[in-house]
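Sending over a structure as structure tokens; questions will come in a sec.
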Amino acid sequence: MSIKFKHVSYVYAPATPFEQKGLDDVSFELKENQFIALIGHTGSGKSTLMQHFNALLQPSSGEIALAGHRITPTTKQRDLKTLRQQVSLVFQFPEAQLFESTVLADIAFGPKNFGYTDAEAKKLALKWLEKVGLPKSIANKSPFELSGGQMRRVAIAGVMAYEPAILCLDEPAAGLDPKGRHMMLELFKAYQARGHTVILVTHNMDDVADYADDVLVMEHGRLLRHTTPSEVFKDRAWLLKHGLGQPAASEFAAQLAENGLPLLPQPLTLTALTHRLVAHFKGGE
Amino acid sequence: MTKIIIGRYIPGSALIYKFDARGKLLVTFLFVFAIFLANNWPTYLVATLYTGLAIMGTGLRAHVFWDGVKPMVLLILFTSALQLFFSTGGTVYFHWWGLWLTSTGIVNAIFIFLRFTLIILISTVMTVTTQPLAISDAMEWLLTPLKWVGVPVAQLALVMSIALRFVPTLFDETLKIMNAQKARGADFNSGGLIKRSKAIAPLIIPLFISSLEIAVDLATAMEARGYQGTSGRTRYRVLSWQKYDLLNAGAFVVLLILLKVLG
Amino acid sequence: MEQKDIIKLSQVDFTYPEAEQPAVKALNLTLQAGTWTALIGHNGSGKSTVSKLLDGLLFPTNPDSQIMIAGLPLTPETVWEVRKHVGIVFQNPDHQFVGATVADDVAFGLENRGISRAEMQRRIPAVLAQVGMADYADAEPSHLSGGQKQRVAIAGVLALKPQIMILDEATAMLDPEGRKMVIDIVRKMMVQDHLTIISITHDLDEANLADQVLVLDDGQLIATGTPAEVFQKAALLERSGLALPFFYQLKSELMAQGINIPTTITTETELVAYLCQLNLNM
């Protein structure tokens, strides 16, 4: 099983003066149960691509195969409900989607829509409330009494509670403090490790280096590259040309190399960088 | 990604676009009264010509104006039909119970049809060639006399322009929330009336909360930027009369004179 | 240039109505004119409350609290006078954009202060050019990126020629490109107009560029000093939900693994030079 895009294009507002290409002949194949980073500039087509994973947008041409579904321009929306259960999407600032009178009811909303009984949904909701690091005591509070960071977690619990096989997240840690950000990413990494696919849309190259197995790079609606983090961060000139950053550790290593201290292979993370420096200066591995 | 058009404004640079919004709004307003001066074939011909020239002056394709008339078609036809069958006078072609088909009826029906259609066309000319913001400014100018009886015209105008400004923001927000709930399995498009109206809660509640949040943030930002009510404020955006506006006024005066002379 | 105290807070307390805990407790603070101060702290540490207190959007709940801004005591009577000296750029780019177009938005603050139209026509293009938005004067907000909207908000502040500019998490919702551009512009304007900058943020690399860093936790200042001084307190920062900028993380990791780094090294460039020198001496 894999996630397969075959020549997928998407056009916004077709046949109007406002027509705009969102995706342009995108083809790739992703392995399941991996942590995949989707990077690129604002407006590069990342969000458009993301909304194709669960068919909120359907391709204008081309074909998508994932989670046992085939999506073409003519696939009927009503045939996609089971797809939505298997492929879940978390938008930027997802706290905006909260609406129920209690935290628990809000988390249970998704599971109930996907056919769990009230009791099952409630059980799942309680489980995920704790998994995202919130105390059980807030279960019966109104979500609107919580702090911004807590609301974010409730919203994410609400999307993970039906345990989708594929979880797509658009900048889920935006606006969180460093600790909150770290906790959130660890949560997704752990979810992936338990046999799910995680697709993370991000601008943060350190997160790509720290967590991703596979990287998709978008530009102007086209797939620029599909490769591993170490490959994508290897070529500094290429990254600069496409306006992409490097992880801080690679940036630092590049400065060292410029000043006569090359470290190979290139470190992507703080741990790798320290490790290599220590090995270099202390000799031992 | 979403670039929706507020109101019916269609960007362009033809002659009518150069007219001041106040002039256009005023002429549109007065045209509604002027058309009542038309009462015979020559006057209706003049009014139709005037409207035709205005449409040509927009440089836009005809279907834009058809779109303006379309929603009103039934109403216009119904009113015309009333005239057609209930007017008496002239030669009687047909008579059955209270229904008459007379020469006067036919002429009246055509006149009514023209009157309505021309009014809609002229207001379409105004709305497609004038930005909503300029219309709002022009309204403020037209309402100026109300200031003397204590109506807070400047505040109303500010409210209107801010409301216009936030239409695309709220539209995007709606789309985003709708997508987020769809991703959680919400279904907005099937089931009966009750199911559908229930399904709307996950959309309406977050939207209401978002709007409140925007309102609070906006109020704070406005206060931080020194907003203390409209007294003592100066204005950056000022409408100014240009030579083109003489053309607008001239054409309308000629129309009035012809309607009066021929009527 | 002579450094004068432009902001002075003594014993400032603030509790939100219906809140059990105060949001700001016994805050004492002195900031000098023309400097960049970063105010950091985890979500809900009281950072944004401080920015609102500095602009009189909120008032201290303790009658003994004192706030002096640009030589004026901040009270409900002087608030409009004080606001002439303080500009704020808020977090959400869309929620603070009042005007229908870029130029109208910059004009909003000027209109509120009764500036003449002729003067507005001079100032608006000038400030838009300073933030690199001159070509967008007639653009509508829905056609701008978040970073562009924030630059317009900065132009709106600059047009009023304040002495103090507060960035209230102004870069939190931007992509790295937009963030860098905003910071670069503010830095340039700080020097050019001798502005005092207070940046409320949890971007620690951004805080590392400041002259002074203040760490807020539960409404109290728990550390103040230069970035080098504050970021030495790794344990303290971690306890209050923050982390270290990359440079300090690397430095402490290397030290922990036995590579000795002199305390005189306080920037990334210095560390690169030091390590390369070490390499040559091997």
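Should a chain be cited, it is by its letter among A, B and C, assigned in written order, with residues numbered from 1 in that chain.
To be clear about the criterion, a residue touches a chain if its C-beta (ideal position, glycine included) is under 8 Å from a C-beta of that chain, and two chains touch if they have at least 3 such contacts.
Since the structure is predicted, the reported quantities are computational estimates derived from the model, not experimental observations.
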Note, CA centroid farthest from chain C's centroid sits on chain B
Where are there more C-beta contacts: B-C or A-B? B-C
Express in whole angstrom the distance between the two chain centres, defined as the mean CA positions of chain A and chain C. 30
Provide the C-alpha centroid distance between chain A and chain B, rounded to the nearest whole angstrom. 45
Among all residues of chain A, those touching at least two other chains are none
Where in chain B do residues touch at least two different other chains? 3
Two or more partner chains touched - positions in chain C: none
Help me check something: in the complex, which residues belonging to chain C touch chain B? 52, 55, 57, 80, 83-84, 86-88, 90, 92, 94-101, 103-104, 107-117, 120-121, 124, 140-143, 156, 160
Please give the residue numbers of chain B that touch chain A in the complex, ascending. 1-3, 173, 176-177, 179-187, 189-190, 201-202, 205-206, 209-210
Under the stated contact criterion, what part of chain B meets chain C in this complex? 3, 133, 161-162, 164-165, 168-169, 172, 213-214, 217-218, 220-228, 232-238
Can you tell me which positions in chain A touch chain B when the two form their complex? 12, 18, 20, 22, 47-48, 51, 54, 56, 77-78, 81, 84-85, 88-91, 94, 96-99, 109-110, 113-114, 144, 158-159, 162
Where on chain C is chain A touching in the complex? 41-44, 91, 145-146, 169, 172-173, 175-178, 202, 204, 238, 241-243, 246, 249-250, 253-254, 257-259, 268-269, 272-273, 275-276, 278-280, 282
